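Dropping the structure in here first, questions after.
Labels A, B, C and D are assigned to the chains in the order they are written; within every chain, residues are numbered from 1.
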Amino acid sequence: MKIAILGASGYGGVELLRLAAEHPYLEVTYCAGHTSAGEKMSDLYPHLPPPLGDIVLGDIAVGKAAAAADILVFCLPHSAGMDMVAEACEMGKTVLDFSADYRLKDVAEYEACYEVKHTHPQLLSEAVYGLPELHREEIIGSRLIAVPGCYPTAVILALAPAVKHGLISTDMLIADSKSGVSGAGRTASLTTHFSEVNESLTAYKIASHRHTPEMDQELSALQDAGKLQVTFVPHLVPQIRGILSTCYAHLAKAMTVAEIHEVYSDFYADEPFVYLHPLGKVPATKHVSGTNRCDVGIAVDERTGRLVAVSAVDNLIKGLSGAAVQCLNLACGWEETTGLPLVAHWP
Amino acid sequence: MKIAILGASGYGGVELLRLAAEHPYLEVTYCAGHTSAGEKMSDLYPHLPPPLGDIVLGDIAVGKAAAAADILVFCLPHSAGMDMVAEACEMGKTVLDFSADYRLKDVAEYEACYEVKHTHPQLLSEAVYGLPELHREEIIGSRLIAVPGCYPTAVILALAPAVKHGLISTDMLIADSKSGVSGAGRTASLTTHFSEVNESLTAYKIASHRHTPEMDQELSALQDAGKLQVTFVPHLVPQIRGILSTCYAHLAKAMTVAEIHEVYSDFYADEPFVYLHPLGKVPATKHVSGTNRCDVGIAVDERTGRLVAVSAVDNLIKGLSGAAVQCLNLACGWEETTGLPLVAHWP
Amino acid sequence: MKIAILGASGYGGVELLRLAAEHPYLEVTYCAGHTSAGEKMSDLYPHLPPPLGDIVLGDIAVGKAAAAADILVFCLPHSAGMDMVAEACEMGKTVLDFSADYRLKDVAEYEACYEVKHTHPQLLSEAVYGLPELHREEIIGSRLIAVPGCYPTAVILALAPAVKHGLISTDMLIADSKSGVSGAGRTASLTTHFSEVNESLTAYKIASHRHTPEMDQELSALQDAGKLQVTFVPHLVPQIRGILSTCYAHLAKAMTVAEIHEVYSDFYADEPFVYLHPLGKVPATKHVSGTNRCDVGIAVDERTGRLVAVSAVDNLIKGLSGAAVQCLNLACGWEETTGLPLVAHWP
Amino acid sequence: MKIAILGASGYGGVELLRLAAEHPYLEVTYCAGHTSAGEKMSDLYPHLPPPLGDIVLGDIAVGKAAAAADILVFCLPHSAGMDMVAEACEMGKTVLDFSADYRLKDVAEYEACYEVKHTHPQLLSEAVYGLPELHREEIIGSRLIAVPGCYPTAVILALAPAVKHGLISTDMLIADSKSGVSGAGRTASLTTHFSEVNESLTAYKIASHRHTPEMDQELSALQDAGKLQVTFVPHLVPQIRGILSTCYAHLAKAMTVAEIHEVYSDFYADEPFVYLHPLGKVPATKHVSGTNRCDVGIAVDERTGRLVAVSAVDNLIKGLSGAAVQCLNLACGWEETTGLPLVAHWP
């Protein structure tokens, strides 16, 4: 299948390019950039040898991409590709969107959160939230996949079994997430300036990050007690890749950690990319770096009856480009794990 | 005043040595090490030029230290200095203990937590918890000061104003703390091995860290609703210094963030080492690195009515050796800020 | 082909395990460790999910390995596997040795450098130095391959074209190399302790590193002016992977940088794993991280008539385990690039 | 004495502000910024509490600065302050210039290197190169001090004793320097973007860095064999502060490393800020981080008769703002070490 990457100059785009180039059933036939149209990939990324380095970026134009490819992946900021996604869908292409435009089912919530008018709300019901662990059946054969945000992937997978099975009360869900700096993209700024970031650690967008409604939507759908709301605080950590989410909730009833572990173990029993750590252990981000895995571990604060669930993802793979390939594998009817790394380089 | 450092070969000890050497009223007259007795400081720490580098470490013997100094600082693991502390007190020395031995008022809690018998429980009522922001009056003139743990310093100062003034309900207090690696000390191990730690991030001792009872003790004492219990989860972050604590609690009643900020502002108005960030901002660990400051910032999740309080300390200064000097300044009747850095090197 | 890894618990071993597991023609049938015999790989390396994590380490015993596999790779310190290598050769196995035992052709030089008696000097003429760029023909079909040191790989490939074609005088060759910390292995020590290593940078084993004789041997063999001697100074840099070697020499005669670049370009024209950067550019270690590439770039100091050649390798891949697989591919008659990554994860 | 800082918003300026604020004889009375005029320092640097954080930046105007202060420090890019420096000199102020404008004695060399016309060449003979170890007498009482570049400080101090005493032949001097990222300043760019810089290492401006003529000038002046030329290659290393320079040269005649060490030891015997490491040891950048020290260590490659001299400085202190204060201390007749840190925070 021929694939076009619109927005190949960012970290998500170049990681997708690498994964697609190594994928046995994909052929990259069009790469596009905005300010970098006309440039060679090796000018932007000197680590890319030929043939990838020799790719010349085209315009971000849905027509050109559609002429060249069957699958169109939009790696653009929210709202920038909203109309092109709709156009591509109409042309019958398989479309993946890295932005938030088609993730939220509630158009009002989207518009309030992103402060922009949604121009194609009718597509929202058709779009699938690209988290195979919750939506595998819908993704198979789907034509419009909204790739989840990196933080929601980690938080949702940490809490899903507990929410689904009513193990925790939903009146106080805390998600304290820590992310490496690559999540901020490639645009240089003071907040990603090495000398300011290294040897430092901070919280940002406290309880106001735009990824929060995704967590609320997906976790709420797992239970019938109405809409739940996560208090989500992201942090910036001096490392390149990796998100660690530490999630807190009251247990709904007294359970041992072993019982809870068994619920998690059953929930993820057949998941190729979720690795539940054995009882007593939790993941580190390095465990999953460079892979499409989400590792999960749990503990219980027995003094207070609280669950602590910890998850780790590589924000650019399971948190973005790898998730896209995983969804594509499902959408196209290929083996779900095709072309996706499972074992991290160590150290 | 002459000061002896017992356990000068660790990070806490060498940082205290530096601070004491720069302090106008202190003279370091005895340094001791366990396995390093007989060695020169410059053999252990090549960055130390003469005269500090020329100091030869003596034995960890309370008699020798007492003969040489008026102030004895024990920078030893818990229980290792328990008896020597008591001896030094009997000799009428001013004593500071970096370990947990004299921090907890409840001897049973100490013994359960540290799995060791307390040999001098009668001293616990005399010992002062060395957090000047809560115990300044007791520290003035005190002869036995238990220097607080690094994590408790950050967590307690983040939550103290809210607990004291009943702003939050105490039935779910979460402290999610992230620490640099220097908190693990200088002993080499796989968990502090550069290649394993760098570019990684993990949680450890989930809801089972020994610093938790200190938080419970000090925060409980600020209110009258009985014993409260913090769910405390520490994390290891790939940086050398710094602790960031993100603390979560339900608001006890509806308040604006501005109102809460004013309570915090009043609470810390006269504190020389607590810097409350302006509304809308929270600290990063780099802000306080190399200083004796604890920076605090707050936010409110208005959707859910939760307080998020963030604090940052340099774990080796305000979290350890600087706190000791701050307490010494008070105990000896000197200006509280003497010899203590307020402004970080940047970047 | 079945492959046994003796010394699978170190960084070289676990990286070889990963590469071998992803290799289409290799099956790992035996893994062994010294102190870790009897343990599961996932106990040593929690990032390894089943089936790799479920491998139980056997003894480092050549008989057991030979019974299980056709190819034996010894990932042991120098002299520890010297006799087993000889035994395995006698059994007709294909043998790769990560240590220096069979790299140096001059047994006296080996014994002086490593301060140990060589017990099988007769094998030295049979052993091939596993740098395909210089010894491809000898490696094809070879049964005993000495995998080069990480530093020599970088230094030799930076200078080989210039030495071979007489572009530089050999009376002053300087190789200033900088390495990430993973080159020091997994054994915890103060020199690999995160807090000591991070935010620091130093030189070590100045002009006395054991990798120097390899550089001398391989570069000397490229010309007929007798034995040349490299002044080699390694440095430790606060990053995990990567070696950058900056090499200096006088030009033997006046040449433009473009002329020299052409010589290099011809020399490496058919090399699948050497990427010569375009004129005016030099590599960074991140360009090759996670790949089996050695990137090279050159510049000339026109004021003084000196060549500056810069090379970059991932010390654990092209500098070790990837080089072993590249040699194996040649030795076994497979396509040289089989199972070896060419494109780095970015960033 | 009252001091004005023109260009207080950069790393050099803010570090000077900190040092000046802690200096017993200096009072900062004017701070100025270009694009940041009108802003509060705490808006630019949230780590600065009052009173430093409350300073409002004025215009970069020599008249305003001169009205407020006796000492004017220009922390501006080359040529930006060239005319203001001359004006301030005419007003009789004590002037320090962080730029290269008044460092080179040869105006033609300056103009060729910086590609700009020098508008006040007559001041060059009056200006002193602010390296007290070579120019102490001239600095005492001087009114115009050109603060040296960070790289030249490290390279010159590594080689000065050897050049001065004719220990090395000057026909091949190699200076391979490695710098932390703070040397690139605070302006965000792709080359200082955390995700691109961390876990990477590269050379840049090979044999073309503008600091080279300073090294040539100062080292040439130490001997009478005419102009010597250094081959200088800077590297960027993933750490914030610190420069390590590894310098290579042929020995002019056979000498033992102990004999050379004695020459160095004599040369630096009375220097308060140069610490010569004992025989067999060389400095790491962490040894000097946060201090005004330059540490030096030497070794000899006995096989080839080459000297290897290694030096380390904190690029923002001994390499910039600390050097300025050291010169000011001399110029104003104060104790040379006043207000300058000698001992690094560790770790």
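Please note the rule applied: a residue touches a chain if its C-beta (ideal position, glycine included) is under 8 Å from a C-beta of that chain, and two chains touch if they have at least 3 such contacts.
What you see is a predicted model, and the numbers here were worked out from it, not measured in a lab.
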item	value
Partner chains that chain A and chain D have in common	B, C
Of all other chains, the one whose Cα centre sits farthest from chain B	C
Whole-Å separation of chain centres (CA-atom averages), chain B against chain C	46
Centroid spacing, where centroids are CA-atom means, of chain B and chain D in whole angstrom	37
Chain centre separation (chain C, chain D; CA means) in Å	38
Touching two or more other chains - residue numbers and ranges from chain B	11, 180, 182, 186, 195-196, 198-199, 238-241, 283-284, 286, 347
Interface residues, chain A side, partner chain C - complex	11, 14-15, 18, 21-22, 45-49, 52, 182, 186, 198-199, 240-241, 275, 277, 281, 283-284, 286-288, 290, 293, 342-347
Chain C - residues contacting chain B, complex	11, 180-182, 184, 186, 188-190, 192-199, 238-240
Residues of chain D touching chain C in the complex	172, 174, 176, 178, 180, 195-196, 198-204, 206-207, 229, 231, 233, 235, 237-242, 244, 246, 248, 250, 282-286, 289, 299-304, 306, 308, 310, 312, 347
